[in-house]
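Quick notes on the structure that follows.
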Amino acid sequence: MHGYAYTVYILLIPFIIFIFLGLFGNRFKPMFSGIVGSAGLLVSFILSLTTAYRYFFASAPGEDGYTAIIAMNAVWLRLTETLHIDMGILLDPISVMMLIVITTVSLMVHIYSIGYMKGERGYERFFSFLSLFTFSMLGLVVAANIFQMYIFWELVGVSSYLLIGFYYQRPSAVAASKKAFIVTRFADLGFLIGILVLSFTTGTFDFQTLTDPAGPAVTHAGGATFLGLSVITWSLILVFMGGAGKSAMFPLHIWLPDAMEGPTPVSALIHAATMVVAGVYLVARMFPVYALAGIPALNVVAYVGGFTSLFAAVIACTQLDIKRVLAYSTMSQIGYMMLALGVARYGGHEGLGFMASMFHLFTHAMFKALLFLCAGAVIHAVHTNYMNEMGGLRKYLPITHITFLVACLTIAGIPTFAGFFSKDEILAAAWHHNKFLFFVEYIVAGLTAFYMFRLYFSIFQGKQAHYHHVPQEAPYVMTIPLMLLALVSVFSGFIPFHSLVTSDGLHLDTRIEWGVAIPSVLIAVAGIGVAAVMYRKESALPERMASTFRHLYTWSYHKFYIDEVYLFITKKVIFRYISTPVAWFDRHVVDGTINGIAWVIVSASQKVKGLQSGQLQQYALVFVSGAVLLILVFICLLY
Amino acid sequence: MHFLNLFVVVPALTIVAILFTRDLKGARWASAVGMSIQLVLAGALVFMYLSARNAGVADEMLFTADSTWFPSLNIRYAIGVDGISVAMIALTAVVIFAGVFASWEMEFLSREFFISLILLCSGVFGFFISLDLFTMFLFYELAVIPMYLLIGIWGSGPKEYSAMKLTLMLMGGSALLTVGILGLYFHSAAAGGQHTFHILEIAKTDIPVTAQRFFFPFTFIGFGILGALFPLHTWSPDGHSSAPTAVSMLHAGVLMKLGGYGCFRVAMFLMPEAANEMAWIFIILTTISVVYGAFGAIWQKDLKYINAYSSVSHCGLVLFALLMMNQTAMNGAIIQMISHGLMTALFFALIGMIYSRTHTRIIDQMGGLMKVIPFLSAVYVIAGLASLGLPGLSGFVAEATIFVGAFQHADTFHRVVTIVATTSIVITAVYILRVIGILLLGPIKNEHFEHLGDAHWYERISTIILVLGIAGIGLAPLWLSDMINFSLAPIIGKLSGLVNDVPLVLN
Amino acid sequence: MHQGIPLHYFLIVSTLMFFIGIFGFLTRRNLITILMSIELILNSVNINFVVFNRYLFPHKLQGHFFSMIVIAIAAAEAAVAIAIIINIYRNFRSIEVGKVDEMKH
């Protein structure tokens, strides 16, 4: 082996903690489970860092760049003579990068939660589920074959379900968790069928075989077609459907804003940094197949990503719940990443978008987790989610204020902050391949800066709202993760992604394309300026803007009524026009037939029963007449 | 004494032991001891079977024994097991063990109750070890008849109606089966020699295709009724909802599996040509079962009805996969039988336990149970997640195998029905989460429920063993899957002249 | 011997008795009368046995013995029947045959 066998412990530690806390967590003091969970994660984090160091830096990459390493592989279930589901660990640039992302954010969230969840009922349950989630997410990224990925994909979904519904006595949380699970489940149906088609065509689940440019997936691309697209392309579109569900792409995005019902650390970990980028990761994992065998599918990815980023950014501008603003912002940023993948091609400088997407995934995970954790600290302090009930918190929450500002500058793409670098790469990639989407992204860049600073000014600046008690800065156990993440957000832009994570594993020469970058920075600054004018001081400007663009404002405020459409389809169509008739049909037609047969038999028997009257003489009469009749018959027959 | 005989003898001795007890306490302990022995025996059987296979024994059936008990018709008590029957025996042993503990508080006519219950399970064990069609049929009836008494006497709600309906529909199935089995018997001497009921001997003769065409539907539908084949499934919701807890568990968990097992062991294995010709009809019916059962479950209000419709959907998937007639799908079908057996037994056990506390099964009248009975609620969630096919639990293994197997057919018909059947996983998620949301989560609706007690020790035993089974298969499915695969090879071999599928070669 | 009385005279009498018995059995409502009708039927058969024996096989005795057995059994039957009738009367307060149409009461 390659000496990477220990990576299995990165996964096993959270899993063991999940089992341990799940079964015995309530025997100890609540704080114990928090500490155990965090300590375990710390070990995983250190192991991940070691792995990353050894993989990227300990030895220089060879001729082929960074190659994939199978650290472990065992058959888990044998399906046909060629298809078998394995449990394996695949280490390549993107999975190693994701290990870092997941363990970092998860560790921060664990530590933060020790403070945030203090005094909550079900403390040990929370940490147990967090560990389950971390385990599943790690399993997802290191998956060596697509079915293993699907397995962990589902596990991630269920951990998300359990954590969104953590406050299970609150009906809105229950509804949100259910919605999240069912919507993603529906998307996963596409993923599953995609896997079935893909595996049937190529005869393998294995990622290395699938993504091999000379492998069966690519060589079969010219095979049978269906509605004008090759079977491989269709399967890739179906696989992307699964990714779109997890990553909350339009039109499967409706669960993500509601998922904010979960505890805020959960939103930071699952619904901002890790699980929601699983879709991006899936497309990246399958990227060679997309780029070499399914360009139409890649275009679908690009346009869905581009549309979602714009759509979500527009909605984010009008929402009042700070967590929902962040949720829509997440959707928008993930749209960016999808778009970057969609405009990338395989190999060389064509693969710029791939690298940009992964880069943005990394930086976004850090700054978005930071934003959510800050939002959690704010909510912790003022006990409301609504920004119009906040204001002037700058004085009370200095650390939160600074870190939040850093995160906002990062997401807005101000130079030297990490977001600037990654976003610039995405814009450059879009500029080279698709001018239309490029201009869409310029608009989104402006909107992003605007809504983030709208958020910032409404919370920390502006008029001071009336609070029930004086807001207090969170304890150190919560603020230290904020500061650490802020540091990462500032400096992670300088990580040389272009030589580490590329579409073909080879070094990629990039430089900042100032022709693209300068306008985008100007747009972002303009967005910040508008936000400052509107929200820094109390003014009537927001109301006037809202009434000027009344229709756009109401539509955006109501999230373009997508939820209502879904509600109509599920409640009205499925429940009322499918399920209820099926239940009726079963009771009355199918069962009615069975009961009808029984009724016929019973009534026939009633009729026959009348003959058996119990009247002795009637029987005798029948008997005598029968005898006479027989005698007559015999007489007739004999003579 | 031959090892397999113990599976029938131990229940018989248990019944005798119960006859000597005087009250509930004695009866339940006698049953618990007897069924624990049975469970140990089943474990030993699995172990012995696997080690025999590892030692390289390649016979189709292991531990065989044969003795004629009705010479003039050549009816024999022929027993033997392969990987599939071993798996089913293990399932039965687990479910009956859990079932005894789930009926720990059966106050009313307790001795008679336990006697009927164990009589039923001895019929099931006998069915799975038999290789002679007549003996098999005899055990089958032995399993079905006590059901009438168990539901009619110890049931709830419209119990006489349900018991009557269930028994009559299953008897109707038996009538069809009789025709099918006699048909097989009278064509079993095609190669010359004596008529026989022995499955392996019939399998060696070539039954004329015309005869197969005639007798296949009888046999398949006859077993299919027990396997809840649409539209002959309606005994299931009524029967399950009226039956006492342990009976629902055994019935849905094990007895319905007799249907699926018979469908492939008798109907398809012995009449392969007809099976291939007529598969499409039954594939359509089972696809309807799968989706229809799931939709039927969405809008139900009674927990047991929800679970009964869910069983229709899941058992439909069993028959669906069997009819795909390739190794992977059939393997999936058998794993699905076991998986569904465990999780539906768990569901019914939990429903019974919840009912005994809240005295209602209507979900709208409950709510927030997670807070008051966390153990039972958590186990309910696990059962629900297994049912909707969460990886790491048994349902996923079965469904993944089935869908991959079904997708190996390259023609449009099979593709379309497979995709239709896969949609059931979404619908399943809808109704499972709906129940969990209404029943367990949310605020407590009824203040009487504030002081409910959580599970007793015997309830914990009953649920934990089932959960262990579900998680065990879900986490490490390979041994089970390989064990079944090995035994499927001859069956596939017989079907394979007709279906283009290469049997799996094991390393 | 018996030159004066031909065989068919006896047969006519026994046939009449038989059908009178049948008629009575079918039409009477009183259980006792029904029982008497049955006796008539049995006795008509007895006449036939004796007469055929006497005319056809005068040196044998089977017919006579047969009719004796019938008489004995008829006596036993009458005893049982009357016991039943008494019980019916106790339960139903009537021995009308039309009222006795249920096995259980």
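Letters A, B and C name the chains as they come in the text, with residue numbers starting at 1 for each one.
By definition in this document, a residue touches a chain if its C-beta (ideal position, glycine included) is under 8 Å from a C-beta of that chain, and two chains touch if they have at least 3 such contacts.
Keep in mind that this is a model prediction, so the values were computed, not measured.
Common neighbours of chain A and chain C: there are none.
With centres taken as mean CA coordinates, the chain nearest to the overall protein centre is B.
In this assembly, the C-alpha centroid of chain A lies 97 Å from the C-alpha centroid of chain C.
Mean C-alpha position of chain B lies 65 Å from that of chain C. Taking each chain's centre as the mean of its C-alpha atoms, chain A lies 36 Å from chain B.
Here chain A touches chain C in the complex through residues 613-617, 620-621, 624, going by the rule given at the top. If you check the complex, the residues on chain B that touch chain A are 165, 168-169, 230-235, 237-238, 292, 295-296, 298-300, 327-328, 368, 370-371, 385, 388-392, 396-397, 400-401, 403-405, 407-408, 410, 418-419, 422-423, 425-426, 429-430, 433-434, 437, 440-443, 477-478, 481-482, 485, 502, 504-505. Of all residues in chain C, only 22, 25-27, 34, 97-98, 100-103 touch chain A in the complex they form.
Residues 75-81, 83, 85, 147, 150-152, 154-155, 158, 161, 165, 168-171, 174-175, 178, 181-182, 185-186, 189, 192-193, 196-197, 199-200, 574-575, 578-580, 582-583, 586, 590-591, 593-595, 598 of chain A are the ones that touch chain B when the two sit in their complex.
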